[in-house]
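This report concerns only the one structure given below.
Order as written gives the chain letters A, B, C and D; numbering starts at 1 within each chain.
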């Protein structure tokens, strides 16, 4: 199972802590973490996943894999700019949105269009997004779904 | 000037009427109408533009230009699927959203990310979208902006 | 009918003259000229098409339509970099390669893969490419095909 | 280091054997094998890499990761069709072409354009491609380069 964590290039310490906690839980569930591979929420979630020995894929907007944050195991360069947002979502079974701006909104839109579940923490208030309040709630939701 | 009209593949008669009116006004302003080239809001706006002798470009998701509605002058096939939504917006100076579902939301998100003005009629309620109530208000807004 | 002219960003005066002659003939045949929209062979062919009142579409690699040469009527920005080479070919019924380097080779490869006719003047020597010696031969070939 | 193996969807037994041998050697060198993730040369090389405990990434043209051959560890879906050929090459440091048709030619073209080394076994005869006769020669070339 691939789980995407989406969110902004920059984020508050609180959001980073939540992203890290969720990344860790994704690894503990044995899932692979997909993200846009950059900073902010993306980096924090990758850091969390690696702290628990997980696997992380970063689908990058540019041509240089050195753009990936240090916690990305498998950087995929695309040169697609923000069109790569579509690929982040296309490669995930579940999408977790944490905070985020317009880029995150485009990912939520694509995910809903693909009929994939989107969980949102302090993120865009869009019909179809399942609002969750914290990392443990995300994990509970995923565990229930897997049963 | 290129103006994009975005909205759903299918729409109500009311929305089609508004889209047609806006397409006509875009042509009368001497602007080119950009759209995703398919049915619904896209087709109605192209029909309006052509009724006033305007020019219409349809940026299609698939490989076959026969998918374009009959009011598209210049069909551009992409094979990009919904990633082509990004190209619709990238090729426009102003974006007008009429109604629409998740595909339209992805276009609004990309447009806001590109710092382009987005006018919305009965569309997504997203911060940054300029709400307008009808076709004449759209035209007024564009005319004021051009001064 | 859309006819693509592909070739390098820079070219000799001889090649530019041939490209211009072919662009002119494409316009006289009533076809639309598709190209990558930049300099060299692309610009020369667009110039030729416009000299005969033709229509020219330029599918650009970047985000800025100002990159298009001055003879492009309809610039389409993509932000796809060289991946846009695929779109140039996808939007053409016939492809004419004049000189050109690796970028042109990628376009020839995609065109052959799509089973589209590729005519080559002083271009890559690839099985499947129909070698022609000058602009009049290109025109003859297209006219015969249309009958 | 990422090494791409490119070649046709279908291939002879001889070519499959060479592809498998090269895949195995890539794994033994500690490099990651990148490919288009499908059948033929792609599958044979992935099989070889897995037989030596290597890591394989498959960048797929479609939307369904089930299209990947069984030896792909990390399938990346793109929905880009043959445009994904560009991504295969973009993610590699060295490209090895084995046999192959027009799709392979497009990858060789993009690789040469990106100034990346391309080794060819019974593949396209294009200036810039380094001709090698068998798998051991490929390995020798890569080992010398790394020194």
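By our rule, contacts are C-beta pairs under 8 Å (C-beta built on N, C-alpha and C of every residue); 3 or more make two chains touch, one makes a residue touch a chain.
Just so we're clear, the structure is a prediction, and the values are computed from it rather than from any experiment.
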item	value
Shared interface partners, meaning chains that touch subunit A and subunit B	C, D
A-C against B-C, pair bridged by the larger set of C-beta contacts	B-C
Inter-chain centre distance, subunit C versus subunit D - centres from mean C-alpha coordinates, in Å	30
Length of the line joining the C-alpha centres of subunit A and subunit C, rounded to whole Å	42
Separation of subunit B from subunit C, taking each centre as the mean of its C-alpha atoms, in whole Å	29
Multi-partner residues of subunit B (each touching 2 or more other chains)	63, 79-81, 83, 86
Residue ranges of subunit C touching subunit D (in the complex, touch as defined)	80-83, 86, 101-103, 105-106, 108-110, 112-113, 124, 126, 128
Interface residues, subunit A side, partner subunit D - complex	57, 59, 63, 65, 74, 76-79, 86-87, 90-91
Parts of subunit C lying in touch with subunit A, wherever the complex brings them together	63, 79-81, 83
